[in-house]
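The following pair of complexes shares a single chain, subunit A, combined with subunit B in the former and subunit C in the latter.
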Partner chain A sequence: MSREITITIDDKKIRTVEGKILLWVALANDIYIPHLCAIEGKDLPEASCRLCFVEIEGKNKPVTSCTQPVYDGMVVRTRTAKVDRLVKTAFELLLSDHRLGCASCPKNRNCELQRIAKERKLKLRHTRFKYLGRETAVDDSPDSFSFDPSRCVLCGQCIWADHEKAKVGAIGFARRGLGRTVATFNYESLKDSPCTECGLCVEACPVGALSFKKNT
Partner chain B sequence: MELLKGEKEAILKHTKEIFQEFEAKRENLIPILQEVQKRLGYLPRLAMQKIAEFLGIPPVDVFALATFYNQFRLNPPGKNEIKVCMGTACYMVGGKIALESFERRLNIKEGQTTPDREYSLERVACVGCCTLAPVVVVNEQIEGKVSPTRVDGIILSLQGEKSKEGEEANEDTKEKLKGEKQ
Partner chain C sequence: MTAAALLEHYSKLKEEALKKKEQEQKQPLIMVGTASCGIAAGALEVKEAFLKEIKKHKLQASVQEVGCMGYCYAEPIAIISKPGFPPLCYGNVDEGLVKLLVQSFLIEDDPCYEYALVALEPNDIFPTFSDFPRGVYEHKIIMEHCGFIDPEEIDHYLVHDGYAALAKVLSQKPEEIIEIIKSAKLRGRGGAGFPAGIKWEACRKAAGEEKYVICNADEGDPGAFMDRSILESNPHQVIEGLAICAYAVGASQGYFYIRAEYPLAVKRVQKALQQAREKGFLGKNIMGSGFNLEIEIFQGSGAFVCGESSALVSSMEGKMGLPRHRPPRLTSSGYRGKPTVINNVKTFSYVPAIIRKGADWFKSIGTEDSPGTAVFTLVGKVKNKGLVEVPMGTTLRQLIFDVGEGPPDDKQFKAVQIGGPSGGCLPESALDIPIDFDSLKEAGAIMGSGGLVVLDEDDCMVAIARYFLEFTQQESCGKCTFCRLGTKHILDILTDITRGEGTMESLQILQELAEDVKDGSLCNLGKTAPNPVLTTLKYFKDEYLAHIMEKRCPALMCKEITLYYILPEKCTKLCNVCVGSCPTEAIFTREDGIKVIDQGKCVKCDNCRKTCPPEHDAVVKLSPAILPEEGGEKK
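== the complex of A and B ==
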């Protein structure tokens, strides 16, 4: 498993170790691949955001780079017509359930969605899929931060931070399909949950769903 | 949902018995939940907390799984179980309207139970008699072509059956319902 190999990503030769996950190899070598749900160190990747597609020579379909181990002589393309189409659709679908209004968002200019839009020249607007605009309630019960589900992209970064880093276990995914949300046990407020307000989940959030309250 | 008298004891007793049949491993979570629901009719919050304790995982992980699968219900079945069909045919001719009428009349949402546990309301997929659409199944009894007026009729007839059982009991629940609303 620890054999040194050479792979090619977008014509760039990269020396790495066999069995590593392609997404992290690419990112470590300054090749940007959009991603939201991937977590380095997690055994089974979620592969749910569908943004990290790449094409590999010899495979007839694009693959998610967060699930793909590298092998010797691998030739990867991060930008092809097929990849761009998949990523564009996935991004538009994510936006269809994401409240925009970046100007009033606490993560403005520090948002992963904005970064992806910029890198891939995608529009931060509701275009093909109209905005669902579901009614959600903001939970601002904690003293130091608040949670706005309407800006959540369901990447699971906060849940990983809560379970594996903070070892608290206050939040998790509830329900499924369009009803899927990040929730506490029995949908109680964060204040009533085991949450310790360590803030690790807020730091992990790539978008404006979890944000620290401004000291006033 | 408030627990009934003696229900807490029943939950504790049954979960304790069930835990003896299983190893405290995470992969046993689904079979345990199924067994709890088989015995208690639903998954009470207290039972989920006990299961989490038993398996050594956060309660929210049990909750996540219980809300993911449609086979698990978090609210107790009512004395009268109302199932509104949301199959294609029923949906097209106004199954949603029937469901919303029930929601308004009973003052609960789909998947919930009235606080007095008289009625529970849920949506189901096709019941198999699309010519009668929109279909509602009340206590295993099929009701066809259910309009909002028919919804009122169904509830009235269910209340009528109840008042036969005893006028006073009915008054009690009404009072109770009023109290809950306030």
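== the complex of A and C ==
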């Protein structure tokens, strides 16, 4: 698996090692591909945010780069009509369930959604799909941070940080379908959960769902 | 172990079964179909009635429970075999008919032909299945014994060469078995049609000693009940198929993943597993061959997505039933990370017959690329509802109009919804498509697991698409963006259209979004969820446009843009039936005696239209929901 190979991404020749995951190879070579749920080092990729589509020569449909191992001679395009269309729709879908209002969001200017919008020239407002505006409650029980599910994109970064880095296990995914949410066991407040307020989940959150409280 | 020794071992068991059967046939035998469908129609009461009558008249006759033969519209069904007569099948049996049959047939030798549906054996007096159009088109392989044997009696299966295929393969090399299945081109009947032999081979070749075989019985499509019926009617056939697969891939542990909503299927498989163990077809050193296999039942909790194999495995492992990206394929990393074969109930059911009769026999049925038969639940607006098994390549027209005899009440056929929520709606013009995996996919539908719903002129295609999207939206696991949010927005747009609130812009968004959800979703639930929308948009766009442009539902089905109206010129003034039938007291009598509906109170329950005497037929539905001008009527 450690064979040196050459792949081409957007006409740029890249030396890399066979079997690596395409998304990380691209990012390491300063080629941006939108992504939210991908976690380097995770055995089975989530592949749930559906933003990291690329086209690979020889395949008739776009594929998610977070699930795609590289092979010698691979030719990748990160911007094609098909890719742009899927990314745009996925992005707009995520926004339709995301409470906007960037100006008052603690992650303003440091938000992955804003970055994707900028890189791909997408609008940061509700366009084709109306805002679902589901009712959710903010959990600001911890001393140092708060959790606002209305801004959560369900990427799972916080859960990975909680389980694999902090090794606490205070949060996980719960419920199904549209109700899918990040929650503590039995939906108790974070304060009443095993959460140690280590802050790793907050650092991992790419959007404004988990944010540190001011003056801490 | 040698083939001869295995055969000898098996022959002894079969001989015992045959002797038992012979004994049974010496006296009249009554078989009552008690699969879930029969029980729902009252089969258990029918069985009790037979027992009571037999006891009352002190007759020598036995009553047996059998499974479902697929003639749902005639349930409860009873078959009476009396020496000297062809076995006769009676439909819509009730207590009265039981009394009559016991008195006239069992006691007095008059078979009451006027109540019989069909005879099961050729004879000079009464027609058999092959004398009916349905019998001409049907070709039963996996349903051959369903409804004619007691599913809780292993000897009944043995009489029909049950477990002969297992005895045969145990003396062969596993690779030879895989070669037979590959050469038979058996394709997975769960929906996608992946070649079973290739799947088995991949699992066989995968590294590791520990392997698993799982039967996917998580049937969840609305309107589909093939797998349930087969498990309830002939569970041993599925067990034998699964055991052969386990031997071929090198697994010593198998599972049935049955949804908990199928309690009778669970019970009958449980009992069948027990009997198979007692006879030595399961357990350690099966038939002295040295092959070990245990099979257990895992009960699913009814999440539709758990029919997707990676979600199924995840739920068996005690995790949330969420699908994952593939590869790695389950044949290399499945249950507990070990190589796993997951096949549908029907796929396993074909295996014993293929082993006994050979790959060439199987390939002689059906089409070149989709050999064998297809099992469908033929439901909806069709006269002969039921479970049918026809050779692949039969056209939809033959299935719906010859086997099913078309829509009842002289209604006009409109569409056929095939493949459940993942499938599509095909119009009249597509009816000559042969039923096989590839042709259906090309038309925009899928074979699916075999649900087939016939729709007529009274069905609104937008509402039908909405119905299926409501199902998939609720059943989405929520993991990936396209399925979680995409299906929600598709549903919202469809709901708007059925309410007359759709716009041309939203129709455009609907089309784009449906295409993107199909291309962008993580698993097959999401990838196929837009099919009902895409096919109705393709074949029935005019109905969408009528809803949007004219706020008119052509089928008069969408309540929000339909109203009820009593035609003054038809109302008799002399009856009050509609007034009495209205649950909200919305109908009142005008000064001139004519009944009028208060639109503000009407809940569109359809009671008045149903109860208005047919000679008047004065209540009509109107769409768009605009009351006609009533200038002239107020005389």
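Just so we're on the same page, the second predicted complex is superposed on the first by the 215 of 216 C-alpha atoms of A that agree within 3 Å, B and C clash if a C-alpha of one lies under 4 Å from a C-alpha of the other, contacts with A are read in each partner's own complex, and residues count from 1 in each chain.
Keep in mind that, in the parts below, contacts are C-beta pairs under 8 Å (C-beta built on N, C-alpha and C of every residue); 3 or more make two chains touch, one makes a residue touch a chain.
A quick note: this is a predicted structure, and the numbers were derived from the prediction, not measured.
Trainee: Going by the touch definition up top, name the partner, subunit B or subunit C, that contacts more of subunit A.
Mentor: The partner with more contacted residues on subunit A is C.
Trainee: Return first, second, both or neither, reflecting whether A:G133 touches subunit B, subunit C, both chains, or no partner chain.
Mentor: Touch partners of A:G133: none, neither subunit B nor subunit C.
Trainee: Per the contact definition in the header, classify A:G73: touching subunit B only (first), subunit C only (second), both, or neither.
Mentor: Neither: A:G73 stays clear of subunit B and subunit C.
Trainee: Of the two partner chains, subunit B (first) and subunit C (second), which one does A:F185 touch, if any: first, second, both, or neither?
Mentor: After superposing on A, A:F185 lies in contact with subunit B but is clear of subunit C.
Trainee: Once the shared chain is lined up, is A:F173 touching subunit B (first), subunit C (second), both, or neither of them?
Mentor: Touch status of A:F173: both partners.
Trainee: Given the touch rule stated above, what does A:H163 touch, subunit B (first), subunit C (second), both, or neither?
Mentor: first
Trainee: With both complexes overlaid on chain A, does A:R50 touch subunit B (first), subunit C (second), both or neither?
Mentor: second
Trainee: Can you list the residues of subunit A that meet both subunit B and subunit C?
Mentor: 173, 175-176
Trainee: Once bound in the complex, which stretches of subunit A touch subunit B?
Mentor: By the definition above, subunit A touches subunit B via 163, 168-176, 183-186, 193-194.
Trainee: Report the residues of subunit C in contact with subunit A in the complex, numbered from low to high.
Mentor: Interface residues on subunit C, with respect to subunit A: 303, 320, 324-325, 328, 473-482, 484-486, 488-489, 492, 509, 512-513, 516, 519-522.
Trainee: Can you check the complex and tell me which residues of subunit A touch subunit C?
Mentor: The touching residues are 44-51, 53, 61-62, 64, 67, 82, 85-86, 89-90, 93-94, 96-97, 128-130, 132, 154, 173, 175-180.
Trainee: Of all residues in subunit B, which touch subunit A in the complex?
Mentor: Touch list, subunit B to subunit A: 45, 48-49, 57-64, 67-68.
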